[in-house]
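Listed after this line are the structures, all set down as structure tokens.
Next, two complexes with subunit A in common: one pairs it with subunit B, the other with subunit C.
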Partner chain A sequence: MNRASSVKTSLLFVATALACIVFADLEINTQHPWRELGRMALGAVTPNFLDFGVLVESLLQTVAFALVGVSLGGLLGFGLALLYHLALVRVFCAAVRSVHELFWALLLLQFLGLNPITGLLAIALPYGGIFAKVYSEILEEADPAPLGALPGGSGHVSAFFFARLPDVWAHIISYTSYRLECGLRSSAVLGFVGLPTLGFHLESYFRQGQYSQVSALLILFYILIATLRWWARPRLLPFYLLGALALFWGSVDISMENVVRFFSEDIVPAPLRNAEGLGAENLAALGGWSWSLLMGQALPAVVATLLLTQIALVGTGMITLVVFPLVSRKFFSRPARAVGHGILVVMRSTPEYILAYIFLQIWGPSMLPAIVALAIHNGAIIGHLTGRHADQLPSRPDAPRGLNLYGYDILPRVYGQFMAFLFYRWEVIMRETAILGMLGIHTLGFYVDSAIQDIRLDRALLLIFVTALLNVGVDALSRTIRARLRLSRTPDVT
Partner chain B sequence: MTALVYKRMAYYVLFLLAGGACAFAKPFVFTAIPDEDETRLRQRFTKVAHYLAGELKVEVEFIPVKSYAAAITAFKNNQVQMAWFGGLSGVRARRAVRGARAIAQGYEDQYFVTYFIANSSTGLREQKEFPKGMEGKTFTFGSKGSTSGRLMPEFFIRKHLGKSPDDAFRRVGFSGDHSRTIALVQSGSYQVGAVNFKVWENEIKAGRIDPAMVRIIWRTPTYPDYQWSVRGDLDQRWGGGFTDKVQSALLNMKDPSLLEAFPRKSFVPANNSDYTPILNSAKSIGLID
Partner chain C sequence: MALFKLEGVSAGYNGKEVLHDINLSIEAGERVALVGPSGAGKSTLLGLLYAQQKDQAALVPQDSALVRSLSVFHNIYIGRLHHHATWYNLLNLIRPMNKEVEAMLPILNRLRLEDKLFTRTGELSGGQQQRTGVARALFHGGPALLGDEPVSAVDAHQSQVVLDAIRAGHETVVLAMHDISLALAYTQRLIGLKDGRIIFDRPTRGMQASELDEFYAPSDEGGFVLP
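Up next, the complex of A and B:
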């Protein structure tokens, strides 16, 4: 890592964010938030576990969707990783991972209906795209020595399984199990669109102001996440998967008629739907339709999305730098770290949507609640990873303590990895801006959601395509910057 | 350990058999747009399912959905055969399913009204005509697909101000549902909002509204709203005359506890043409192509 240029890059990003703040809409207008906030606070300290059956059922569904979805994603990603040298595969992966799980779910719902396959694919497709990219990078970094030691005439398949895979297997497993935590969060959030996971009840309770039930559900979810490394053992996976399949059994019911209708009518642009052939007139109508959608919605939305993303990215970085010592052995003793872990689990496992709503109450509608919600959520995720990374650094016997340790020893040494994590998270933060439409911010996600609510899937698809392009762009930019800074290419989450 | 595995396998076989059995006798399934608190909706429609099962002599099931769009999609995909739609969602759903019909509406739905409400700090008072002084304030609709919380208020805003909500207000949000619109305007997070009058009256009765914080500033002219709509292929699946049976069961719903749950005085016949005004309004503001 080149230290001087990484400082320069950081400053460049901070300057960009500051410039964005000038154009961003960060107005604060509060009136009487305390009534509602008081009820939320009361709910938080008086969790209500009375609906225990409902709580446990939705927790089980959440785990089942996450396990099966992430496993399918892993298989898909592994297969694609082997073909990742093909440009077509890379584009496909970038495209599928650039669409938020919620939008996948909303699209799949249109023709698969409300059944488990919808939820599983909504997780497996974007995760497959991410896995393909990361696995292929991990495989590339495998030590080439064992390959050289193979006898001549060894087949490709045996070379792969005996010489390349063993070297990186542990890394693959550790990355995959890290993704399981993300999968649990995704699975929980899928409930917002009607799948039977935690989000389903969370959203209803929250909307109804039943904050004691909200806090009961969240507490169970926090426990589930905090104990992940004890119950998510690779050896137990087959049993879990069988259990999950049992949970889904019998509820799958797909009609070909709906699938055909989706592809032959629903997503055909409105001007062509009832048109005969592709005459000049119809093409002109199609052009007008696309132009008005691109200029009227996509373009302003891209600007809003980028403003929000850049500010939230820097906010995420700042929060990360504050919170990562909380979970690091270098700074705190075991009991203090346990508290630190607790804080980070709460910060990263509370859906951004709920955080944003709380801040909406405090500050009123603007980009501000969204930025803070995204920064807290993502800052805690990267803080957790950075803290773990700091633990692996060798300590010198005469290491300083406290702020000196932080400023002069640990921070310079974790900074490269910290930036690598942050660049990885960049496109994720941008995807997440999608779901904050209730704040009255017209991001791309806001318009995609509007199109879906208006049952205009043709428009939704075009806007999702624009979102995907933007994501691909950000991904390419982050790759270039990481290469220039010689940051490690894969987030090291062992 | 092996015993456990065998036990599990036995369970799967049971699941499999149960799944197979389900495939034969499909129940009559309906849904409703999630315009209010879900617990209340679930209680209300579970009762309705019970009542319909008794009247129709078939298994009837209610499934809750999370959005107006999800209700329409379930109807389109034949996952539900009937739905309690709002004016706009009903029009959208029936356009997507050949032969679909509106068969009954609440008595009050013939004369539905939207209330514009404002936080008291705005100083806005109730006015007879479309209220002056709203422009430049922050404004929240309900759900994007709602008739009373989106379509009609936007229609009247465009009609009286001659511009789109985005141009008329400093900020435009979508709270998600009517109860939340009231909560957000009451807390001052948004200054003005538009809300279903039935939900407003319900919340007043339940004591969830503080009249010192939020008040009505305008009542819109009436328009047709909620209705029961059915798919066109009901008779093919459950035998000739089934649609008529469903309709008369709905119209004969007299049990006060059922009606109060909506809350509606009674149900009256409806047909697709009753909703032409809604379709035209939606087309005029570009919500339907």
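Up next, the complex of A and C:
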């Protein structure tokens, strides 16, 4: 890739972020931020497992929602991947995956109520959209030769299962298990809107200042994720699914009345709700309603979301460049790397939402907690990938050491891949930035959440639509920049 | 009535013609070898012939075209996918039926694959993979077999075993081959291709391998060298 253009692009992004900082609200609003931090730190080193029943129950629920939600998403995505050549299917998938799990959950809650179906669909829908895209790309990579050698009249289904699927099956499994880890984080965060997963208990412990219980819950969650590859085996999946269904059994209760009202009244824009037909007067009212919502809420929220995203993106990059040597063979010996891995696992296993929630308790509502949370979480993810990439580079025996090695040898060589990872993360950071608004930062999520609390679902829907458009736009922009810098595609980073 | 018939056919990829004005007729029961330098258009010609008789002909493509993550059993079973209902095929994918294994046994024994039956083909040696590709075509059981260098990766002794099996299993055989003496020993008719054209088409009876030396000798662009 072109060295000069990657440096120029980086400087452009850093300059943008600096400009954004001027306009961003980075105030610390709490009176005694460090005292609160001290109490949390004390809690972190004195985990309290006495509430064991509650801890286990919340972890079981988290796992159950993740497993069933991701499995449903996988099935949906697999079916859609087979139809991915249809433009309609591609548009549908892009639409469902541009809306964050938490927004899905907020919407579904309004008409399905607080029951497992809400949580499962909130995971399955966006994940299904992502699975469809990635599975169809994986299936395209299958070796075409065996298909050409099939006897005439083999039938499409037999041909698919014998000559196409087996070739890419291992790849599909490994991608799906990677998404299961993401699903566990999504599932944990769904607790913040009231589902019985980890986030629910985390929030209530936080509210009561029980930081030792918070610490215990998070430690168990890290163990769950760190041991994923031993317990999440495809063969055990049927048993897990049965167990999860047993856990959900009996709690599904959907009121058709709510469903009907949601679609026929709640989400209909207010000016049209009691209107007869679509006369010029009603259309004008609709126009005024949309204009005031877009100008009064969507525009400032989009600006805040973009500011925060750009700062968080550069913050993520900076954290990455600092942490990736911690896990690279080029810089540290095995025991030191083990410590580095431990730190990175904790950083990346804690969902941005939970990190932001914690920092918000310390610093109060401003963009600061969100930026730090996003930079830590995403920096650890990209740091892990970049470190692994650095290990694959050939090294010469007379290479310099320490900072000289970093600056003159490794950094220039991993920089292109680092940028590729970062641009892939851009859309994810944007999606999360919008969502973090639900914690009180004035990004899109804030206005969506307030609209829902005011039971103005028509407004919430329009704002979610704006968020989705923003995500699609950033995705397209990042694709263009990557193409211009000719950065390679690595499918396991989405 | 000819089993394969091409009249004035040209073919190519992405607008670049690799076969020009081919006229060819192969009767049922014939055993034919296609010879010629690499890039002459042998594989493309085999592809055209296969397209004519997809239901009748089994194919041994170049590099065997195995599904590397499936076992030898499944790769061979693929030869008969068209004989069975989809549900039966899927059942065999999940759990190989004894009936099918037994039906394969003579082929497996002949090609020395019996101890590899449930090994993934990706783990086999090049020669074993090629024999699996041939076994798939033999299991197909159609009256014709089209093979693209089916013995290029096996040793001299195994070449004879494989070619004997092909001759015994199919009445009509068309093979692209680079080993002229094997071609002379196993086929009745020799078709020479060069630069996308048929240069000669003659019976193998009484022919010596050395007669073709000139055919393979480098020639001027577009110059035809007849044996």
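By definition in this document, the second predicted complex is superposed on the first by the 397 of 494 C-alpha atoms of A that agree within 3 Å, B and C clash if a C-alpha of one lies under 4 Å from a C-alpha of the other, contacts with A are read in each partner's own complex, and residues count from 1 in each chain.
In the analysis below, a contact is a pair of C-beta atoms (placed from the backbone, for glycine too) under 8 Å apart; a residue touches a chain by one contact, two chains touch by 3 or more.
Small disclaimer: the values here were computed from a predicted structure and weren't measured.
*Asks:* Which of the two partners, first being subunit B and second being subunit C, lies in contact with A:Pro151: first, second, both, or neither?
*Replies:* second
*Asks:* Between subunit B (first) and subunit C (second), which does A:Pro335 come into contact with in this model arrangement: first, second, both, or neither?
*Replies:* In the superposition, A:Pro335 touches no partner, neither subunit B nor subunit C.
*Asks:* Just to be sure I read the superposition right, which of the two partners does A:Ser255 touch: subunit B = first, subunit C = second, or both, or neither?
*Replies:* It touches subunit B, and subunit C stays clear.
*Asks:* Check whether subunit B or subunit C contacts more residues of subunit A in the superposed model.
*Replies:* Counted on subunit A, the partner with more touching residues turns out to be B.
*Asks:* Quick check for you: in the superposed arrangement, does A:Pro234 touch first (subunit B), second (subunit C), both or neither?
*Replies:* It touches nothing on subunit B or subunit C.
*Asks:* Quick one: classify A:Gln110 as touching subunit B (first), subunit C (second), both or neither.
*Replies:* The first partner, subunit B, only.
*Asks:* Just checking: does A:Asn29 make contact with subunit B only, subunit C only, both, or neither of them? Give me first, second, both or neither.
*Replies:* It touches subunit B, and subunit C stays clear.
*Asks:* One more residue to check, A:Ser450. First (subunit B), second (subunit C), both or neither?
*Replies:* first
*Asks:* Of all residues in subunit B, which touch subunit A in the complex?
*Replies:* Against subunit A, the touching part of subunit B is residues 8, 11-12, 15-16, 18-19, 22, 37-39, 63, 65-70, 72-74, 76-79, 92, 96, 119, 121, 138, 140, 143-145, 171-177, 179-180, 183-184, 186-190, 213, 287-289.
*Asks:* Okay, in this complex, where on subunit A does subunit C touch?
*Replies:* 143, 145-146, 148-155, 157-159, 161-163, 166-167, 169-170
*Asks:* So in the complex, which bits of subunit A are touching subunit B?
*Replies:* That would be residues 25, 29-33, 35-36, 106, 109-111, 113-114, 192-194, 200, 203-204, 207-209, 242-243, 245-246, 249-251, 255, 257-258, 261, 270, 360-361, 364-366, 437-440, 449-450, 452-456 of subunit A.
*Asks:* Can you tell me which positions in subunit C touch subunit A when the two form their complex?
*Replies:* 54-55, 58-59, 61, 63-70, 74, 77-82, 86, 89-90, 93, 133, 136, 140, 142
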